[in-house]
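One chain, chain A, links the two complexes that follow: it is found with chain B in the first and with chain C in the second.
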Partner chain A sequence: MEIDKTSKIISGQRPLAHLYSFHKLMNENDIMLVYCGDFSQELNKTLLSFTERKFKSENVEDNTRRKIFNIMVEILQNISKNKVEMLEDTPQVDALFIIGANNEEYLLISSNLIMNNKIAPLKNRLDQVNSLDKEGLKQLYKDVRLNASFSDKSGAGIGIIDIARKSENRLDYSFEEMNSEYSVFSLLIRISKEKI
Partner chain B sequence: METIKIAATEDTPNVILDPSNNQFEISGRSLPEDVVVFYQPVMQWFEELEKTPIENMALSIKLEYFNTASSKLILDILLKLEEIFQNGTKLNVIWYYLSSDSDMKEAGEEYSEIVGLPFKLAEY
Partner chain C sequence: MDALLINDLKYVNQVRAQMNENRLMLCYIGSMSQDIVIALLNLTESKLNQVNSDSTIKTRVFSVMVECLQNITQHSEKSEHIKSNIFMIGYADHAYTIYSGNVIKSDRIDDLKNRMVKINTMSEDDMKEFYKYLIKNESLSEKSGFGLGLIQIARKTGNPLDYDFEQIDNDHSFFSLKTLVDH
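Coming up: the complex of A and B.
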């Protein structure tokens, strides 16, 4: 990947020199949306409405389109509701959201800063949902919803369970440590395309 | 009982709780970021309902999308109705889902398994 040599694609000495590799990367991964920056409910609505119109115009099957929309709502609100407080020593990492595709699946990717002390409950929840089958996820969803409280902002709540149920695929994730207090949490969600 | 009418927006549902016209409906999209704020007057209305129940009330829920936070609030409303029903007031809930929307049908089935009150699923 050419981009690794210089991360400044458009603001370096030769502003367009590396743009083609970026363009190619987008194209080859069927990336239809990338947003990197500050997330808010207003922005979420814009991204949702863009995606909804795009998938409708491409005649994506209704159930798949609805699953993507639902999962997107949970991911985007998870980012906008759980922002870390920006202090002097907080790593400057903007949150990222990507929609891409391959032949078999639509891919939703999110990446955002998280405090290290929030990792354990989130990781436990992710491992738990990955270990459960459809019926197990249904039961867990019902139990957690019944006992949920709105003061719980640990991020280990019901959203992840709903995402796992709707995606019907394993959730891939990673935690990249930035320093003793912060990590970047990345999540990859696959939604199988309707088999024709 | 007072009447509540909240017009739908891009991320909040249409809410009609109108005793004089015997119309009770939550419909559209329920995706607010802060569900507690949005549903506060609605929950308040159902709290009042417990004191002055409406006989044969039918609540229609016809949602296109809802986030998990709304899902919890809807459960709270249904549990309140269950309480009123079990105190002896006749009422029922109709859960509408698009015929092509299997997830919305399943969501209705799951609510009906949890709450003990007359709960009907209706395809449209």
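Coming up: the complex of A and C.
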């Protein structure tokens, strides 16, 4: 049986020291929670209740909390819905969900594998919502809803518009190509803190 | 303003790389209250349910978690160091790895270190004795220290305690502890 080397205490070496730098990386980017792995129904539920508890205990405004909650539902759904079937040549990339906060805003990040052929419509939608103001988003939401029949599983459908409306901030995103078929799609959503 | 708006999200990949490298599934940084402890336990439970751990192992993981988190709620240097409280759990080949870290006054290092070295060299029986001894002989304030918790963790896991201290300023250090729960 192979022994996990890190479990041994090696004098003079500091096997745990590198975690300190990971800790720093998280702090520098205002990260509070990272979850990495499978997103099951049960897990999504506990992630949501974790966030509720956390923000309630910090006395975050009801209104803001509701926004965070709704956006989270949306992105966790997106991660689950767009789950890529793991085949032999599929890049091994775990889906990631991150919650963060800084002085001005709360941050929600999702990052997962998507198929390259889904990038274009998604990117168009993201650019579109980023170019619109509140009224424009409302109108777009209505339009897309009316035509919802053919935007169902595209992933670029109503979810992104909904997120943009609730976040009231620009959506940051990135696509990183892994191979000819897959990319990693990361999305950063900001929810401004209520001004006191 | 522009600098704020442009975010290349590179760090997301760095975070993922670190999570993978350390085989982590969950990390939490921030204030540690009763509420948060419960929320973290719930989250860990649903994660453990996913991988079908048997209930003895789950219980072991939870008790180690509670000891670690309690230590953080009670003993970390509060005020400006809230962002230093950390809890992480991972899944390696033979064991769950539980990491916890918090800022402590540097003058506690020697005591903590001695205790851990001692615990790591003890047999199970010795630990039992040591535990009894501490319960009887330590003053109340010392009892609430991490000493008992550390023995409990070592006894429950049967694995040595792995630790590190990183100095952060003149008076404070970051104390991290790694425990393995075999699965």
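Quick notes
Just so it is clear, the second predicted complex is superposed on the first by the 175 of 196 C-alpha atoms of A that agree within 3 Å, B and C clash if a C-alpha of one lies under 4 Å from a C-alpha of the other, contacts with A are read in each partner's own complex, and residues count from 1 in each chain.
The rule is short, and it goes like this: a residue touches a chain if its C-beta (ideal position, glycine included) is under 8 Å from a C-beta of that chain, and two chains touch if they have at least 3 such contacts.
Treat the numbers as computed from the prediction; the structure is a model and nothing was measured.
In the superposition on chain A, contact is made by A:D62 with chain B only, not with chain C.
Of the two partners, chain B and chain C, it is C that touches more residues of chain A. After overlaying the two complexes on the shared chain, residue contacts for A:I109 are found with chain C alone; chain B is out of touch.
Of the two partner chains, chain C is the only one touched by A:N29; chain B is not. Of the two partner chains placed by superposition, only chain B is touched by A:R145; chain C is not.
In the superposed pair of complexes, A:S49 makes contact with chain B and with chain C alike. Of the two partner chains placed by the overlay, only chain B lies in contact with A:K166; chain C stays clear of it. In the superposed pair of complexes, A:E74 makes contact with chain B only, with no contact to chain C. Of the two partner chains, neither chain B nor chain C is touched by A:K83.
Shared contact residues on chain A (touching chain B in one structure, chain C in the other): 45, 49. The touching residues of chain A, when paired with chain B in their complex, are 41, 44-45, 48-49, 62-63, 66-67, 69-70, 73-74, 77, 80-81, 138, 141-142, 145-146, 148, 150, 157-159, 161-162, 166.
Per the touch definition, chain A reaches chain C in the complex via residues 1-2, 4, 6-9, 14-17, 19-20, 22-23, 25-29, 31-38, 40, 42-43, 45-47, 49-50, 53-54, 56-58, 93-94, 96, 98, 109, 111, 170, 172-174, 176, 184, 186, 188. Residues of chain B that touch chain A in their complex: 10-11, 31-33, 35-36, 65, 67-69, 71-72, 75, 100-103, 110, 113-114. If you check the complex, the residues on chain C that touch chain A are 5-16, 18-20, 22, 24-31, 33, 35-36, 38-40, 42-43, 45-47, 49-50, 83-84, 86, 88, 92-95, 99, 101, 120, 159-160, 162-164, 166, 174, 176, 178, 180.
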